[in-house]
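As written, the chains take the letters A, B, C, D and E, and residue 1 is the first residue of each chain.
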Amino acid sequence: MIWQLDLAILTLVAICAVAAITVRDLLGAAVLFGAYSFMLCLLWAIMGAVDVAFTEASVGAGVSTVFFIAAVFRTTRRTKD
Amino acid sequence: MDAIIEIAIAKYNYWMYISLMMIGLYAIIAKNNFVKKIIGMNILQTAIILFYISISAKRGATIPIIRHAEGHGHEAVNAMEYMNPLPHVLMLTAIVVAVATLGVALALTVRLYARFETLEEDEINDQIREAQ
Amino acid sequence: MHEIYSIRPFLAVIASLAVTPILLSARSPNVREGWTFAAGALKLGIVVSMLPAVLGGSVFSFRLAEILPGIHLAFRVDAMGLLFALVASTLWIVTSAYSIGYMRGLNEHSQSRYYCFFAVALSATIGAAFAANLVTLYMFYEILSFATYPLVTHHQDEEAKISGRKYLFFIVGGSVALVLPAMIICYIKAETLDFAPQGFLSGHVGPGLTTVLLLLFVFGMAKAALMPMHAWLPAAMVAPTPVSALLHAVAVVKVGAFSVARILTGVFGVDLLAEYGLGTLLAVLASITMLTASFIALSQDGLKRRLAFSTIAQLSYILLGVALLTPKGITGGLVHIAMHAFGKITLFFCAGAIFVATGIKNISEMKGLGRRMPITMGAFFVASLSVIGLPPGGGFISKWFLVLGALEAHELVFLVVLLISSFLNAAYFLPIAYNAFFAKPENADMDAGFQEAPAWCVAPLVATTLASLWLFFNPWPFLDLARLAVAQVTGG
Amino acid sequence: MLIHAALEFPVWGDPNAPAHLHVAPEYLERAYEETATPNVVTAILADYRGYDTMFETAVIFSAGLACFFLLRTRSRKDPGDRFFRHLATDMVIRIQNPSMKIPDTPYLQPMDSFWTPRSTIVRAASRVLAPFIQLYALYVVAHGHYSPGGGFQGGVILGASFILIALSHDLRTCMRQTPEKLIGVLSPAGVLFYAGVGILCVLAGGNFLDYGALAGWFGMAREAARSLGILLVEMGVAACVMATMVIIYANLSSAGGHRQGL
Amino acid sequence: MSNYPAFLIIAPLFAACLTATAGWIRRSLSFPLAVSGLTVSFLSSLGIAARVLASGKFQYSMGGWAPPLGIVLELDYLNTPFLVVVSGAALVSLIATRQFVEKEQEAKAPAFYALMVLAVTGMLGMVATGDAFNLYVLLEISSITGYALVASGDRLAPLASLRYLLLGTIGASFYLLGVGLLYMLTGTLNMADLSRLLPPLYGSNAVLAAFLLILCGIWLKAALFPLHAWLPGAYSHSSHASACLLAPLMTKVMIYVMLRVMLSVFTPAYIFDHLSLEGFVVTLASVAVAAGSVMALAQRNLRRMAVYIVIAEVGYMVGGAWLGNQTGITGAVLHALNDVLMTLCLFLAIAAVAGRTETLDFKDLNGLFGKMPFTMGALVLGAMSIIGVPPACGFFSKWFLLQGAIEAGRFDFMAALLFSSLINVVLFFRVFEYALYSDGHMHKQEEHGQTGIQEAPLSLVISLWVAVAGILAVGFCSGPIVRMFIQPALL
């Protein structure tokens, strides 16, 4: 485990999180959320939790994002904040 | 000062999970859009996952898959060599729970949109008030 | 004291409750009323069957279920309880007969509901009479409160609604907000709630707490109508007259007075009250109520309202008697439960009979009524005598004992109060009878000749009048029961 | 408050933190011996804490059920126009009259209203990829004992392969491969299978989910029986998760109509 | 059979899956399957109760693994009565609401049954489990199904449900985080093990944080007053069937979880000796009781009124549990049990009324006593219990709560309880007044009650009276229940 890498990814995670909730487009938010999940997946892998990383990759970055996008398509991309 | 920096570095994972949690809570409480709230909810859940995974980390240990497979099964396993597997297991469950919650939440959002044609909480409240 | 474990007390309580489904589902009024009588007779039979043993000094007891750890839903029939139960169950039968005449005479609605709740109320009354501990007493007290609500609001009009609210506010408010905490404090202090003949609180509480508890109980038991918790009683007079008669002359208010008497003796104990001088406090409260209510009664024109205030005053006699804390006084108080019941129920029956026959409610319109309804007004006169406390009414016996009690306690103030109050009683009752027979009617159609109420109405009131007279000459078994009860509570 | 509490946390990565000293070493030291499963995470997941995992599967199942329940509509009231492609001429036909009956011919292919021309490359690629993804998913399920993976991951990947088809073609194509009735049954069936294995253990005389009890029936060592039990329940999990993912996606992307996806 | 603890929870899970499957294959089978699942569960809970009474508490190890490694079901004096009441109440409400489900959900009725049974599975599992993390998973099952059930109501139900979901997830996350902290400090998830390992760490801030997080999470789910925002909407807009299932059970099960955490994970010694929170919490509970009652008073709709009563009742239980003495906790436990029955009765009666009148505004209740006497009779008895009239069970738990409050010297809590009782009198008699007085003197024709009666469906009325019988039975048996279950549980 390389702590510098770890720290860098953690920072990215935080940035993605903030971005996902601030961006003024829900589709963008969904995609950023996917990126966030992917970063987390990397983080888990670095921290040695391979099973969790695997699950996060398939569930978080994959299916969740697809769900988000599907829902946003079915509703609206508009958001005020 | 050094001590503080040391604490800050030694526990940065914990600081991070707290800040992620706060981001998530902020989004749930303060954001006006329901999809944003749901994203916040997910961030909150992943923050907790981060916390658990941080617990399981052990310096100088490797992933919890026993290396010497068949044949060496009776050799004593040195627990210090492996990460703590239990939080991983718990977090597998937590991730699955999170995606299940997400599915239901998004389904509700779709229903909500079909009814109100908007996802903004204040606009929905206005509509309800007008209807009364 | 010999204790007999028997299911009879429970059967007596349950007898009227058990017929409620039949009452509700009965197709014809005759079947319904037949069952009411059957239950009444059964109940009276069970109560009477316990009489010889109780007079012999035994006590019946029965435990139904453990409702709180260490506290059972239990019944205990001693002299005091049996006295009250005997009065209530006797008068239920009479009132049922009267109800038939009254309700049919006025063609009232929802009669099934009426009989049903009447039966429930009676069960609760007997239950309160036989309660072996505070929780059981409280339980039946509350059931009685709620069972009476539909009876009070029977007419379902605006006035009934308001009265019903007032009724609930005082009765339930008092019991929930005052009695319940008092009960719990008793339990915490004494770790029991079973009535003991000489009280269970002594040795567990100091004078300050005792005073507080006493006030909580006597005001919380708002059915005893101690001022200022009396306001519900005049309001509840909107109920049909049989309800007023049985419940507001006998069951409900007497449950209040009986409960207070039971608590004073069974919870505090005569000795404890005497030790802290609380009997006097209560007696003063009772005296104030007595005089105030009597004065208010003088000014009332509605017959039932006047009777209601009279009831408030008379209830305070009972409390005063017990509060004197002397054997004679307590005897007087307890006997007064019976005597006043027979007298007052007659008065209410008369009021109802007058209403059924002529539709008159106010006293000022009753001039010359005696010519039209001689039986009713004659009964009214005799019952007034009993309530005032003049011979040959049964009320004389109890007043006599009250006066003796006051003398025994060397409390001449209360003697004076009793006498003034009796004088006031006379002042508000006798003119009614006098005017009915001797005053000229204001309009001519009063002279329409003999026009009595239906026989179902008249017969009961004649019966209770005769009972009132008979009790003067032979107050057995009430006097014996009261004496026995006094002997138990004073340890003499 | 949280920060305050965090100050008392053990230093990150400290091997002597209490979390690592109580139960965890026992798992690590005994898991392989007792379950013949080198991947300790899988061993704990499906065996030591198998009861948890069963409910985790039930969570997934209930989420699928909830989505179905919330969104699925069968109402025939159509938003309006329907689009068909005439395959022979590649012409798009728009039918405005909702009551008009469309003959079920192979020449007319129903189309989505916000139809966009699709890239043939993407379609072909995903067509080709999907079976491989599914194969890989099965491998993940089966190989969860030895490497990261297991029922959840495999199930999700399996579900994702169908979602991929739905994305690259359209929802109807996907639903033809996985009819709603099939996945609707498969999703509870996965949980049933899991719980059924548990009940088998009871019948075999052990406690619920005590796979070791199955050893007698299959004539194998207890560890091997446990390993087998883990495999069996992972299959149940995979079936449930796969079906549920498709259910959720299908309902979400079509808002319950199952007519047209994204 | 020594496996009935497993069947307690597995039977409904199995039944839920079969119900959902039957929905695709043979719809007519789904309801009997659901009922049979809950029946098996109810019977096993009785079996467990018998065994606990006979031979004391016992454990059931899932997968045959001993406690710290595997997950165990802890079956002791505290949770057996809850198991019996929860499974019984769920069974009753499932049977009672069949008509509503079939009418409202039509084709999706099997899914609805499956969701109901799954929710019950989660609750039973939460009550039975002895593992802190397992509790979270089960909590999520009952929550997720709960969200779906809540969303199945009127047009505002999805909104209410989404709010419930967001807040509920926060609550569950807090709980999970708290458990994580505990795990980090002790290395175990088993409750018994935790309580053994925690005492040396009692001074630690992290333990305090864990405790507070868990507590906040539970309170959010249990809708304690300032955190109750989700409840009124969720229970007043949801369909009647789901309200009848969730309102009686969900908050009470969370109260049970709170008690479990307070008694079995942390100890009263920690909570009352090391922390001095009880003053604050009891005050909060008093405010909750008073506020719930006052808010109920402001409602003009029967169902919304009932919903706020639920909030007040939560205050009762939390306050009782935090009084810090045996009596108070006894009261809280007993009240939680009673409240299941009372709320069940109340909501079933409301559903029955709503099935006939369509609206539940007070002004539309005119003459109901004449129209549906059996339903209203049951409502009266349920109301008596909520007011606290003996021998209905509500009185006895209130008795313990009051006694506990006096013993602890918390007269504010006592005042709140009495105030709330009086408000309840006002609330219910206001309803009864409306129901007793009919506009056009209809009762003249309804003499002897033959004409114009339009009672609720038979199954609903019978279930309603089963609930009433439960109220009375528990009332009469309060003494034995306290002596045989609650007091040993608190030792």
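By definition in this document, a contact is a pair of C-beta atoms (placed from the backbone, for glycine too) under 8 Å apart; a residue touches a chain by one contact, two chains touch by 3 or more.
Just so we're clear, the structure is a prediction, and the values are computed from it rather than from any experiment.
Colleague: Going only through chains that touch each other, what is the minimum step count from subunit A to subunit B?
Modeller: 1
Colleague: So, comparing each chain's Cα centre against the centre of all protein Cα atoms, which one is closest?
Modeller: The most central chain here turns out to be E.
Colleague: By CA centroid distance, what chain is farthest from subunit C?
Modeller: The chain lying farthest from subunit C is A.
Colleague: Determine which two chains are connected by the greatest number of contacting C-beta pairs.
Modeller: Ranked by contacting C-beta pairs, first place goes to D-E.
Colleague: For subunit A and subunit C, what's the span in angstrom between their mean Cα positions?
Modeller: 78
Colleague: So the centre of each chain is just the mean of its C-alpha atoms; given that, what is the distance between subunit B and subunit C in Å?
Modeller: 70
Colleague: How many angstrom between the C-alpha centroids of subunit E and subunit C?
Modeller: So the centre of subunit C lies 43 Å away from the centre of subunit E.
Colleague: Taking each residue of subunit D in turn, which ones touch at least two of the other chains?
Modeller: Counting only residues that touch two or more other chains, subunit D contributes 2, 6-7, 9, 13, 17, 19-20, 23-24, 27, 39, 41, 49, 52, 56, 59, 62-63, 66, 70, 148, 152, 248, 252, 255.
Colleague: Counting only residues that touch at least 2 other chains, which ones in subunit C make the list?
Modeller: Touching at least two other chains: none.
Colleague: Would you mind listing the residues of subunit B that make contact with two or more other chains?
Modeller: Each of 12-13, 21, 54-57, 59, 61, 63-65, 86-89, 92-93, 96-97, 99-101, 103-104, 106, 108-111 in subunit B touches at least two other chains.
Colleague: With touch defined as at the top, which chains are paired up in contact here?
Modeller: Pairs flagged as touching, ordered by label: A-B, A-D, B-D, B-E, C-E, D-E.
Colleague: For subunit E, which residues count as touching subunit D in their complex?
Modeller: Result: residues 3, 6, 10, 13-14, 16-18, 20-21, 23-25, 60-65, 68-71, 107-108, 111-112, 114-115, 118, 121-122, 125, 131, 133-134, 137-138, 140-141, 144-145, 147-148, 151-152, 158, 181, 183-189, 193, 197, 204-206, 208-210, 212 of subunit E touch subunit D.
Colleague: Touching subunit A in the complex: which residues of subunit B?
Modeller: 12-13, 16, 19-20, 23-24, 26-27, 31-33, 35-36, 39-40, 42-43, 46, 49-50, 53-54, 56-57, 59, 61-65, 83, 87-89, 91-92, 95-96, 98-99, 102-103, 106, 109-110, 113, 118-120
Colleague: Contact residues on subunit D for subunit A in the complex?
Modeller: Within the complex, subunit D touches subunit A at residues 13, 39, 41-42, 140, 148-150, 152-153, 156-157, 159-160, 163, 167, 245, 248-249, 252-255, 261-262.
Colleague: Considering only the defined contacts, which subunit D positions touch subunit B in the complex?
Modeller: My answer: residues 2-3, 6-7, 9, 11-15, 17, 19-20, 23-25, 27-29, 31-33, 36, 38-41, 44-45, 49, 52-53, 56, 59-60, 62-64, 66-67, 70-71, 146-148, 152, 241, 248, 251-252, 255-256.
Colleague: Quick check on the complex: what are the subunit A residues that touch subunit B?
Modeller: Within the complex, subunit A contacts subunit B at residues 1, 6-7, 10, 13-14, 17-18, 20-21, 26, 29-30, 33, 36-37, 40, 43-44, 47-52, 55-56, 59-60, 63-64, 67-68, 70-72, 74-76, 78-81.
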